[in-house]
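Each of the two complexes below includes chain A, the first together with chain B, the second together with chain C.
Up next is the complex of A and B:
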């Protein structure tokens, strides 16, 4: 293999594919990145057998070939080379790659490409095409509430459903649920229902460019999803199993509607969180409608046995009855952090019924709903 | 700042409540408590009975020896708690600074109230006398220690066979003089052992303690010596604590006759567990530690406990844990005098509700709440398990 690439193109490619490298790989070769010439370009691939990322970088190929090199080391090295052309040549006998860049001469030992798992390529003509900006926005608003631990593996994934022209994504960790829907410009032929690991989507969110078009395919019988965008392919295993029936837990009605400015509410929650930290993260919300028809108020408070306490009174428009309800304040901060909308609506019933948060005044095509279970506190 | 502290105590409270229900008892020697043939004890005794030497906590059999005409009245605990609540309501109406010590006793911080402390005490006593028809005694002083001792002294002065309904005021500045002639056992913190040692040192009165060098008391008694020296001079800075945090909730039963019947012991453990669970839920508490207490027929007592990751207040969990602990200590034959269950290690009672609460646990919680409501409304005995009948 003899190939030349621009340092900045190579480094950008490595920074993307390296996201698939597990810091504790199950096979030694999985800590490596695959370099392979392909149709006059250099292909970079990394995988942890769950998630694979490939990227094609423009190159001048003089002799085809392939090798794998330690991903971390290769990135550390190339990111410290000068922004010039890098000439690489593989010595196939000892699987050592020689890099020449400016006055720098490096020899890096690799592992033969044959030992690297086969990374499939995505279908660049897939029928499902989602604008990068739309998918990015969706993921940013849904991935945060997936479960971190996998004692219920399906909950570490994002339920994803294509039906008609609607794409729905939902995540839940047992205490809260996010449902995000978007209206696509086309109809998906057959309904498609899958669970994508939250981690895959979080990585995709970081990789996508707003201008990209994302081609999505779910090949039959492979239990995989493939994303193709620009010069990048992301292939991920799907999570097997069935996602809980989340529609059932979305409250059908509510007795109080509280309209709040997101930013003000978020700051009140963050202040309370300081005091709630060593008290199971509990903060109490007291929703107080006004008696004279004027605006009401929401009182957010938390207390710590050691530190003291904090109470914030924020203005709100309230329709319905007053209520006192306690939440894990982190769950509120999480959702208020991912939304970008100026105003939100909090719907509540009693102190032991779930609360619902919706953004206000957003494009009807981009629906968002968050269900949060309260904490029950003694008198 | 000069403080004004009241110590209020309801005179022979259980007896006073019984007299309200049965006026024929007035002026009679009677005692509330268990049967003398089954080793009951005196929970409370009327002032006429006290003239015979009957005292609280005395075995009923002994009380009957002292006073052969003693009328024995069964406990009606629910009525005592209901009446106690009404008393506490009046106290809270008087000042927000009320520290409830027991069913019939409380401290009140009356600092800064307009008027003479004595007049305030008379006013409060009159209200309880008239609105609830209950006699009560008050000790008034600049701190809790002296107020409580003053109340004891005030009551002891009235040995008439009638409820004392006393008021004793110790004016500020006279605390040390007031305490000086009193025997050392009146001082909080002087138990039998300390008293014996002090007597050996020639210390008889509280004044004697105050006259000792502080260093000598510390050398002899350690930190308690330091505390006693302060207390003997009538100094006590402890505030009236409005709410004292509960550290544990427990329930125990002393059997009328020692028991070694497995079914009865299990039933009893379950009743205690349910009782504890209900009280925990009522106070919004959840604990991580379940403890059992077993007193064998020879009076030796053991406790065993088990601690869990997650706090709970679930009856079934308490019972299962208690039963498991019990089965590890009981050989199946040994006779048991007392059995008790407790829960401690409270953590924030907060419980994060789950999106997919299993229908079972939801139903269990629902049933438990319903049972609690019924018992709350109609009394502890309103519901029984089929297996208990």
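Up next is the complex of A and C:
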């Protein structure tokens, strides 16, 4: 292999593909990044067997070839080279790559490319095309409520369903559920139902650019979902299993509707969280409709045996009966943090029924719903 | 077609496995039981190869999948074991494995987890894997290997197809050493005897002279202890500086020694293991007789089991030496 690339292109590529390098790899070769020449470009690939990222950078290829080199070392090295052309040459006998850049001469030992897991390439002509901005927005609003670690691995994933012209993503961790839907500009042929690890979707969100067009494909074996954008391919393995029937968790009706300003509500929650921390994160919401037909109020309170207590009264428009309900305040803060809407709607029943949060005044094509289980507290 | 498992010996088990695979019946959990170094992991690896091989007949040993599995580099094959022989397999390792198994295979057809020396798994770790053993999702095959069945929960046993593997016969070990490792017939025969059919040990001692030396020392220590007083025995134990896995190895050799003594004491014609010590074996056999030999053998087995648990090596050896018969 003999190839020349610009330092800044190489470093930018490495900073992206290195996101897929696990710090504690299961196979030694997984701490390496694959360098391979392909159609006059240099392909960089990294994988942790769950998430794979490939990126093509412009290069002058004099002789084809491929090798893998330690990802961390290679990045540390190249990011400290001067912004010039880097000439790389592979000695296939000892799998050592020689880098010449300016006055710097480096030899880096690698592992043969044959030992690297096969990283498939995404279909650039995939039928499903989602604007980067839409996909980014969706992931940011759904990934946060997936379980971190769970006996049921399906809950660490995001349920993803393409059907008709609707894309649905849902996540749940046993205490809360997020359902996010978007309307696509086209019809998806066959219905598609998969579970994508939340961890890899979060990485994908970071890589996507708002202006990108993201081509999504799920090849027939259905082991992987592939995202193709610009000169980057991101491939995620899917989680086996079936997602719980979440539709049944969504309450069919409610007795109280509370309209709140998100920012004000969020700050009240954050104040309560300080005191709720040593008390299992329990905070109490008292929804008080006004008796004279004017605006009502929501009382957010939390107490700590050691620190003291805090109560915030915020204005709200309330329709229906008053209610007192306790939530894990972290779960409320999480959802209020990811939403960007000015106003939200809280739907509640009794103090032992789940609450529902929806954003208000949003484009009908971008639906969001959050179900949060209440906490049982002795009076 | 599944025909060419690269396994030495264990013909019946291999044949049974191949028949099942050829009939499209792939179990999702196997437990391979038997003494150390008889090829359990090799067998497990060849099952993984057969499941993921892309050629015919399977496993071909030449395709990318087979080569990567042989070099422990296949992305869909996870090998889980205690950090060292005699250590413990921890529950965190099982959790991490379960996370991997939840994903669909990366490039092969099956995800295969090989859990080596499962007798070293903590009870919590064994319990943690029950759910996966019971109903793994998708194309997942778990292969457990274990030396000591008694250290494995009955709930694990009942969820696996069990293969009780025995040491290889002396002839097949000799043949294999001659054929696959190019050892001269005479040397191969001696090694095969000494190894007591544990091919893995024979191959290790081919590569490392120290293995043979270690065995020699282990046997002479035993013979020395039989002629010593209790105090001297304790001094012998004190002078040892072995880690747990080496102590276990030593007890394995002692076990073969007592087996030989017992064979000689009852006048059996079965082949001796320690053929290089035949003279002293005969002397010991004449002195101690069948009953004492059997007691010594049982005591060695008990010590082996205790040591694979959490017993103190030194105390264990001291007790063992007290239980051994004395020659004078």
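The rule is simple: the second predicted complex is superposed on the first by the 378 of 379 C-alpha atoms of A that agree within 3 Å, B and C clash if a C-alpha of one lies under 4 Å from a C-alpha of the other, contacts with A are read in each partner's own complex, and residues count from 1 in each chain.
Here is the rule we use: contacts are C-beta pairs under 8 Å (C-beta built on N, C-alpha and C of every residue); 3 or more make two chains touch, one makes a residue touch a chain.
All values reported here derive from a predicted model rather than from experimental measurement.
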In the superposition on chain A, see if there is space for chain B and chain C together, and answer fit or clash.
-> fit
Which partner does A:352 contact after superposing on A: first (chain B), second (chain C), both, neither?
-> first
Rounded in steps of 10, the angle in degrees at the Cα centre of chain A between chain B and chain C is 80
Considering only the touch criterion stated at the top, classify A:316 as touching first (chain B), second (chain C), both, or neither.
-> neither
Have a look at where A:50 lands relative to chain B and chain C in the superposition and call it first, second, both or neither.
-> second
Now for A:117: first (chain B), second (chain C), both, or neither, which partner does it touch?
-> second
After superposition on the shared chain, which partner residues are touched by A:29: those of chain B (first), chain C (second), both, or neither?
-> second
A:241 contacts which: chain B (first), chain C (second), both, neither?
-> second
Where does A:197 make contact in the superposed view: on chain B (first), on chain C (second), on both, or on neither?
-> second
Pick one for A:172: touches chain B only (first), chain C only (second), both, or neither.
-> first
Applying the touch criterion given at the start, work out whether A:143 contacts chain B, chain C, both or neither, answering first, second, both or neither.
-> neither
Closest approach of chain C to chain B (Cα atoms, Å) = 16
Would you pull the chain B residues touching chain A in the complex into a rising list?
-> 281, 283-286, 347-356
Listed in rising order, the residues of chain A that touch chain B in the complex are 172, 174-177, 244, 246, 249, 279-280, 282, 326, 328, 352, 354, 371, 373-379
Chain C-facing residues of chain A, complex | 26-30, 49-50, 114-115, 117-118, 149, 151, 153-154, 156, 197, 222-224, 237-241
Within their complex, chain C touches chain A through residues 64, 68, 71-73, 75, 78, 95, 98-100, 102-107, 131, 137-138
